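Okay, so subunit A shows up in both of these, paired with subunit B first and subunit C after.
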Partner chain A sequence: MRLYFKFFVMHLKIAMQYKLSFLFTTIGQFLVSFNVFLGVLFLLQRFHEVKGYGLSDVVLCYGIILMSYSIAEMFMRGFDMFAGTISNCEFDRMLLRPRSCIFQVVSGKLEFTRIGRMLQALVMFAYGITKSDVQWDMKRTVTLLLMVLGGSVVFGCLFLIYASICFFTIEGLEFMNILTDGAREYGKYPLDVYGKGVFRFCTYLVPYTLFQYYPFLYLTGRTDRQWYMLLPVLGCLFLLPSYLLWRVGMRHYKSTGS
Partner chain B sequence: MIEVQHISKTFQVSRRGAGFSEAFKALFHRQYECIKALDDISFRIEDGEMVGYIGPNGAGKSSTIKVLSGILTPDRGTCSINGRIPWKERTAHVNEIGVVFGQRSQLWWDVPVIDSFELLRDIYRVPRRLYDSNLEELVTLLKLEELVRTPARQLSLGQRMRCEIAASLLHSPKILFLDEPTIGLDAVSKIAVRDFILEQNRKHKTTVILTTHDMQDIETLTKRIILIGKGKILMDGSLEHIRKRFSATKKLTVEYRGKHIIPCDGMELCSSSNQIASFEINPDKLGVSDAIAHISSQVEVRDLSVESASIDKIVANLYQQYQI
Partner chain C sequence: MGKINGIFRYQKYMSFFRMRFLAGLQYRAAAFAGVITQFAWGFMEILVFRAFYEVNPGAFPMTREALSSYIWLQQALLALFMTWFLENDIFHTITDGGIAYELCRPTDLYVMWFFRSMANRLSKAVLRCLPILIVAAFLPAPYGMRLPASPKAGLWFLITGLLGFLVVVAFCMLVYIATFYTYSPVGIRMVAISMVEFLSGSVVPLPFLPEGFRQLIELLPFASMQNVPFRIYSGDISGMEIYTRAGLQLFWYIALVWLGKRLTAAALKRVVIQGG
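Then we have the complex of A and B:
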């Protein structure tokens, strides 16, 4: 952990060296998400609700997804860029160091510009929380935190899977972006609006609903089942298959170049 | 101690001709070729030895280094380095080795070199006191005082290489792998790097395995050479041994005054023009001093020089002889 902190400080130093690039990327990230927010705003000002979810619900839901996605992206950026790490032989270098590879990949890259997205998520939190009629007590706050954390873990796992596939293909696979960026965009509505097929996929294959839909029902008072708030923890089980895939990939690894 | 036994590794390489239509064909039907990168490699290196690992491009030098450093798992064969199998006990193994790839950097690009060093200290869990004494020694020997405060991306190649070597020795490894450490360096930097490696080996008994195309490196640094070609070990012996075996002839150049020189048995006229003649002498038949005596008995010698064949030539001959 101390070592991770050192890496953290180093990446911070680097980010500060390129301050103009950092500033503009952060602002850009903020604006892109803000655009989506505006889209939702205009849509719901006209139609008022989507399958029973009002503006404040959607904004809150989007805030949660966006927050967990940006956290995952900021810390797991190394996996997202893993194709490059393999093809320029940086991974060989990691194998030469006496630390676990996952740790080195994670600490090798930190994307501070994602703070822009987090800011946007915070704005939406603020908007959603003040507008919605959720009774904010201890339990609901914990639910919210669990949702964000569980979401970060699931998105982190998706990045890990993405990286593991690179062991076999060397190049990255863009279709994985459906599962990460796609989920970020579609996850702004509670997932049952997309119909049964999608819903099943999002429960049994990639456990999005466990940190989004079910706890969200509890959060907004649509159900009394309190155990729904703990489902994000169950979603963290997604770590197991992801880690397994990573191990398989590691065994398959052939280094490139001379 | 490094002990390698019967290691083999094959790679699948896809082949196709040039042009779009070929590329399109390869999309559906790909032709693979199995390349034997390493084919039944065995050798043994004692502690504190300095070994030159040479061979033409693509002979399997880097693959061997990768197997020895635990990056690649061989298909067959075993290897034990200080009692460990590199690819099975990776973290314990890499703690004891240092690796420098001449073509790739291990320093973080954007931060001053000293920050990279500090980070490496934490990665390898080097105790503070050991780190400080190592750093001080490396900085003085490699003359890094000013360089360590510069970001790695602003260093010249020679400066960077000195920092790379320092970085790989911070955790006082017992074995040092150098993969083309002097590639692209100017004469001064080359000499500095060589002197340093020699010193390191003498002082700390570090085992050094060196791959290079620069025969000067081999000549100054190593006593033993392992020659690899097409994945096989072709020769393993001392430099002197190879010299004797492959460069028996000496070249004698004479500037003289007088008529033509008639060579005697054991010497052969290579070229002669403008009162300058050069001969190839076979020392098995004729001593060099006898040859000189023979020449000076015929003509008046004004100047003369004796050369043995350069190591570059020997190696080129070697490659030719083994057809690699």
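Then we have the complex of A and C:
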């Protein structure tokens, strides 16, 4: 952990070497997600609600998903770039070092520019929290935190799976974007908006609904079932299959030799 | 003699075009993955709008069929019309000094990069568009892709599609050229692209924007990109409006190219080759 902290500080210093570039990229990140917000705003101005969710609900929901995605992306960026790590044989070097590979991949790259997205998520929170009629108490605050944390874990797992697949294909697979970027984009609406098929997919194949839909129902007072707030923790079980896939991939690994 | 020179110049760029185009066609596996991604994306987009339609059909500014065609065309022709489809090679050429080689060639930098971008986008689009359009054509009624509203709409879809494509490439040229003026291409790229994404109607089709704001946006060059051809295709824009829109596209194309050429010339006068 102390070593990770050192890496963390190192990456922070690197990012601060190019302040203007950092600033621009952060602003860029901010604006990109602001776009999505504008889209939601205009659509809901026109239609007022979607499946019973109003603007403040959707904004709050988007804030949660955006925050968890940005946290996962900031810390797990190494997995996102893993195809490059394999093809330039960086991974061979990692195997030689006396630390776990996951640790090395994670500490090898930190993307601080994602702070722009987090700021955006905070703005959404601020708006969603003040405008919605959620009765904020201890339990609901905990629910919100669990949702963000559970979401980061699930997204982190998806990045890990993406990297594991690279062991077999060398190249990154574009369709994994549907599960990460796509989930970020379309997770702005509570997931029952999309109908049954998508909802099932998002529950049983990738546990999005466990950190988004179900706890969100409790958060906004649409259900009294308090145990819904603990579902994000259950969603963290997604770590098991992801880690297993990584192990299988590691065993399968052949150097590209370049 | 002048005429022969003219043809020769044209050939030079055409062979660049062919080279890039053929190179782009090689990446078939990537294209297959892209098709699946695009399809899923379009599918989700259609589901979102279905949910909104169920809330209040009266507030829908275009027919559902027109919207579905818009979404599928958008996904199928993504490579032609998305401004974020930029070539990293060109950015690298500028930032790592490779530009020196480019300048040694007896070609016009602007024209060459223009052709290169066109070829790249076209080859990607050719590989990706057909599977998406074919599958989309078989989807049930309000969600699928239809034939153009009329033969005239089909013809004008092609014409305005080409114009829109040229406007997109001309705009992207400005993004490349901006790299001469700053060494932080990522930031510029993201700011420019996120702005244009929204204003061109790729986040939400422009008819869904509130009145007043929408009329203003439709005058900007960004509305001359995908917005015009996709809406003409399904008959959402028809009659005399087609000609004014196409005229506006032509105007923006000329204006952007003019600006791009001016900026390139100015940048090349003071270009500093970064080590290497």
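Please note the rule applied: the second predicted complex is superposed on the first by the 257 of 258 C-alpha atoms of A that agree within 3 Å, B and C clash if a C-alpha of one lies under 4 Å from a C-alpha of the other, contacts with A are read in each partner's own complex, and residues count from 1 in each chain.
In this text, contacts are C-beta pairs under 8 Å (C-beta built on N, C-alpha and C of every residue); 3 or more make two chains touch, one makes a residue touch a chain.
Here the structure is a predicted model, which means the values were calculated and not measured.
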- Query: After lining up the shared chain so the two structures overlap, which partner does A:F7 touch, if you call subunit B first and subunit C second: first, second, both or neither?
  - Reply: first
- What is the contact status of A:L234 with respect to subunit B (first) and subunit C (second): first, second, both, or neither? neither
- Message: Just to be sure I read the superposition right, which of the two partners does A:R97 touch: subunit B = first, subunit C = second, or both, or neither?
- Response: first
- Task: Tell me which partner A:F42 touches in the superposition: subunit B (first), subunit C (second), both or neither.
- Result: second
- Message: So in the superposed three-chain picture, is A:F175 touching just subunit B, just subunit C, both, or none of them (first/second/both/neither)?
- Response: second
- Message: Contacts for A:Q17 in the overlay, against subunit B (first) and subunit C (second): which applies, first, second, both or neither?
- Response: first
- Task: Identify the partner contact of A:I115: answer first if only subunit B is touched, second if only subunit C is, both if each is, neither if none is.
- Result: neither
- Item | Comparison of subunit B and subunit C by subunit A residues contacted | C
- Message: I'd like to know which partner A:C89 touches here: subunit B for first, subunit C for second, both or neither.
- Response: first
- Could you please specify the touching residues of subunit B with respect to subunit A in the complex? 11, 58, 62, 66, 69-72, 90-92, 94-95, 97, 99, 101, 103-104, 106, 108, 110-111, 115, 118-119, 122-125
- In their complex, what parts of subunit C are in touch with subunit A? 29-30, 33-34, 36-37, 40-41, 44, 47-48, 50-52, 54-56, 59, 61, 183-184, 186-191, 193-195, 197-198, 203-204, 208-210
- Query: Okay, in this complex, where on subunit A does subunit B touch?
  - Reply: 2-3, 6-7, 10, 13-14, 17, 89, 92-93, 95-100, 254-255, 258
- Query: For subunit A, which residues are in contact with subunit C within the complex?
  - Reply: 18, 20-21, 23-25, 27-29, 31-32, 34-36, 38-39, 42-43, 45-51, 171, 173-175, 177-178, 182, 185-186, 189, 193-195, 198
